[in-house]
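Each structure below is given as structure tokens.
First subunit A sits with subunit B, and in the next complex the same chain sits with subunit C.
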Partner chain A sequence: MVEKQPTPLIEIHDLTVAYDKKPVLWDVDFTLPEGKLIGIVGPNGAGKSTLIKAIMGLIPMQSGYVKLFGQGLDKVRDKISYVPQRESVDWDFPTSVLDVVLMGRYHKLGLFKRPRKADKEIAMDSLRKVGMEAFSKRQISKLSGGQQQRVFLARALAQQAELYFMDEPFAGVDAATEKAIVALLKDMVSKNKTVIVVHHDLQSVRKYFDWLLMLNTRLVANGPVDQVFTNEFLEETYGGKLTLLSEVTELMKKEELPNREKK
Partner chain B sequence: MVSDAISHSVLPGIVIAFLISGSRDSLVMLIGAGLLGLITTFIIEFLHQKGRLQADASIGVTFTWLFAIGVILLSYFAGDVDLDQDCVLNGEIALLPLDLWYTEGGTNMGPKTIYVSGGITLLVVLVIYFNYKELLVTTFDSGYAASIGISIALWHYVIMGLVSLTTVASFESVGAILVVAFIIAPPATAYLLTEKFKTMLLLTCALGILISISGYYVAVWLDGSIAGAMSSMSGVFFAMAFARYRWTKKRIT
Partner chain C sequence: MNDFIYFFSLQDPNIRYVVIGVILLTASSSIVGTFAFLRKKSLVGDAVAHSVLPGVCLAFIISGTKNPLWLIIGAFLTGWLSLVLIDYITKNSKIKEDAAIGLNLSVFFGFGMLLLTYIQHAGNASQSGLDHFLFGKAAALVGDDLLVFGAVAILLLGLTILFFKEFTLISFDIHFAQTIGVPIKFLQLVMTTLTVLAVVIGIQAVGVVLMAAILITPAAAARFWTENIKVMMVLGSVFGAISGMAGAYISYLAPAMPTGPWIVVSISSIALFSFFFSPSRGILSRLLKQMKIKKRMSEENILKALYHMGEKDKDFYKQRSVASILEKRGFQIPELKQGLRRLKRQGFCSSEHSLWKLTPEGKNKGQRTVKLHRLWEVYLTKYVKIAADHVHEDAETIEHFLTPELEQRLEKLLDYPTTDPHQSTIPYA
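Up next is the complex of A and B:
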């Protein structure tokens, strides 16, 4: 018997996406492993959101294919959760926090079914995990930006998926909440879930992620954080933004020294 | 805005339905108009998404164009027949009780409109009741809806189809003024009074009924136009809601 080849969780092949004929992602090709907390970094307009939308089938691709769990998206939708960038919806919409989180249960319900008590319990439980249970009846228009973000996270948790795509889940979230959420994500990863997070704060990359994807229209690097989070790749990803780069470099020097001593 | 566009652009549908069937039966017209209503929303969506035209621009282009076609068709083919937009779409609420439905046996079943509008109301209520979650998620967060495999396009057309059916049927029975007044004023008023979506839906219906009844009695009292009185009442209710809204706001801040 041939040993079963471990199929990568996500396989992207030759992906090109363009808006108005202007390519935003160019020939992106990579695979990602299972059970990791994976970061995606890159400057504004690098195509990070576009990459996730293309994977979720929300925008057409010019070329290439995407395989999730070794299959096409439609076969595995139930196992995938997508957290859009917060700005993508109208928060003045007249609905309550609990109703938004309950949307996380919709994929399990049939066409004409309404959410049941069990679904409400799961939704409340998810709200508890992000520290928002006291707000369940609040109208979403009366939330702060960070609270809105936490509602989106709760909705994703309520989906009970295997694979999560989160577009900037920490945007506008205070430091304490961010810490709590990262702990939550790490806990999920320890249960062999896979969480993919678009992230902007380079200083916390090493602390948070196991694996890193660096993107700027093209794929710059993809691999375990300690292998790809280097000066060289950062420079390639962020180009000429030197002040930023030198800051990060300083930071990395400080971080690297004790690291080496440990080994 | 969309319902206004639909009310104009259904004209070619009515004319074509008339030309094909040769009858002025309101049901045939309704079907023709309803179909054109759907085609209208389809064209608007197409221009907006594939043509990258702004939403209001694509609405404007679509309805003027379709209305023009309707007028041309009308004057070219049906010029000598008694069919004009007025007689089809400008219903008059005061005449409703006269347009009765008789069964084969000759029994009087009451005004026709009750059945047509009632049927459409029932359809709308059923769709909202059974597909509340699809309608909610596709309007609030279409990206998320698509990611869990709920078709945005399908539900968009369901909503627009219902809007166009409702608009056409109401135009046919009560006329333009009331349709525009009732499509806009009650929900806008309810929006000022509550933030809960379900309450808003119920309040909108309640307001609609309230405006109709009070408007009717105002018209009787003043011996004026029913449509005019009802529209004025909808304005009065809106003004009261607006005053209340401003007042509560001022108290908080």
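Up next is the complex of A and C:
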């Protein structure tokens, strides 16, 4: 099922992406609303990262188009932030935490210009929000995996964007930090920012997200969590891993899901 | 010694040309090399170096002169073409980058050798000095060369400073750079061009074959000493300059020794030294650290064995022979004897007639290790749900690393359990 929204923030039309001619996203077509915390779920290799990369213009599309804020990507780059999967860079790079977060300010600086004092303050503030201010001078090669993830988040916050794409931001992050970050994201959403998160832990889907996109090469479902996070769609999305999944969903049903009413 | 002063006072104009020229070359190529190294494109330098040879030869054939400007233009064109081709092949076929580099390198170099042979047969190769491009001709640098080198070096340095922020960003996270609209195609082109330029002037000193070494090795050596990219860049060019001077000096002392190869020998020695002796990343400091840990672990294991024996006999201060300790736990004999001697020096053991016993401090230390071991086993079975017969191995290691702070948290979390999963008593102080 696919919900159409009156004023879509994101419009993906007939998107097909292929690696070496093998399509990994097939005719994906959807719109997403503004000011929501949106989850993307699907099994490994479902094309979640690929979808985000295609939207961000990092890989070519075979067909289709993407509109953000009703416009092409190039016109609205300043309003968009992308948090890649942590493994996408080599962390053994000779630079400090603060310098990486400052990269989030570069688009405002333009070529040739050095970060100003104001940029440093914004960067420090972003580090504080993810609980990493004590690490600002630390070399990035000396961070744990969860800390690396938080540095990437801080860099995204420093961009002060309207729309955030985050690829598995909770991978390797401890439970307390995850909770703090989710609170932070919810706060951003309450200020009418839109945050899109690739997520793997199905148990927390209802608790975290307002809206859900379920993906497995093709779009399985897209809509408010209450409506699409159902056994039927889960089975369709996760196909082969049915047994494990129905167990998880059974478990979630048993727990009566108080978050469902809260919203 | 006189030679040394004469050489480095740079009174002799010929020496002056060589030294300044070589420093310009090595220092500027290591600055460019820093980014190549960090982007894991070390092989690319090698490919460019080999690919400039046909360009040099073609320029000579066409222009009929050995004017360095012509040769540089020729070198630049084929070096650059080769990089563009590598990029094109990698993007548009299933051939991986390393294979594409190898392919290009051998085809371009082979073609260059062919042209060189042709020129030699035409009878004017040595006169043209083209064969210098194979192994370099640093000792024959003249004033005109310096002007060209100086100009290129300034260009390289200037562009690197100008684009420093962007080059760093691209080297660290190119996808992010792309998403914020940094013109990565353009910047990559600039980087490529800088690499080619550095190679083109560099090969005149060290030659095609060794060029990649002076491009990449200084950066690789510098990486061992710093975690700051700016420091790394400066350090790399200092290393480059030092080895440039060393190479020039050696071939001044022994004119039969060519400069280029000695530059490479010097920079490689610096890299090797860094590899072994860097305090944070060097092999030696790592080995030392490991040895220290190993020593501490075996000391704690000996105390633990003595404690276990005391537990069994209900007498912690009984004298024990080496043989009886070995019976309790399979130490290597020298490991045990040396460990006991160290423990005696530290005041945790005492000995009489080659019989050993714990001191009260030693008993406490052994007891703490035993306690940590058993607490960890409880934690694993209770919280991580690992079967009781699988937890011992893990605890054997962890017992040596738990800090007092973790120890406290563990005690609280488990609420001071009295026995471990194997029903041994957990001893509290």
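Some notes on this structure:
Heads up, the rule we're going with is that the second predicted complex is superposed on the first by the 247 of 263 C-alpha atoms of A that agree within 3 Å, B and C clash if a C-alpha of one lies under 4 Å from a C-alpha of the other, contacts with A are read in each partner's own complex, and residues count from 1 in each chain.
Throughout what follows, contacts are C-beta pairs under 8 Å (C-beta built on N, C-alpha and C of every residue); 3 or more make two chains touch, one makes a residue touch a chain.
Fair warning: this is a prediction, and the values are worked out from it, not measured in the lab.
Taken together through their common subunit A, the two structures put subunit B and subunit C in a clash. Judged by the touch definition given at the top, the superposed model places A:Gln62 against neither subunit B nor subunit C.
Of the two partner chains, neither subunit B nor subunit C is touched by A:Ser204. Using the contact criterion defined above for the overlaid structures, shared-chain residue A:Thr230 touches neither subunit B nor subunit C, since it reaches no partner. Looking at the shared chain after the overlay, A:Tyr106 reaches both subunit B and subunit C. Under the contact criterion defined above, the residues of subunit A that touch both subunit B in one complex and subunit C in the other are 20, 53, 56-58, 74, 77, 80-82, 84, 88-90, 93-96, 100, 103, 106-107, 109, 111-112, 114, 139, 141, 155, 159.
Interface residues of subunit C facing subunit A in the complex, by the touch rule stated above, are 38, 40, 94, 162-163, 165-166, 168-169, 171-173, 175-176, 178-182, 223, 226-229, 231-232. Looking at the complex, you find that subunit A touches subunit B at residues 20, 53, 56-58, 74, 77, 80-82, 84, 88-90, 93-96, 99-100, 102-103, 106-107, 109, 111-112, 114-115, 139, 141-142, 155, 159. Residue ranges of subunit B in contact with subunit A, taken from their complex: 52, 130-134, 136-137, 139-141, 143-144, 146-150, 191, 194-197, 200.
Taken together, the subunit A residues at the contact with subunit C in this complex read 20, 53, 56-58, 74, 77-78, 80-82, 84, 88-90, 93-96, 100, 103, 106-107, 109, 111-114, 139, 141, 155, 159.
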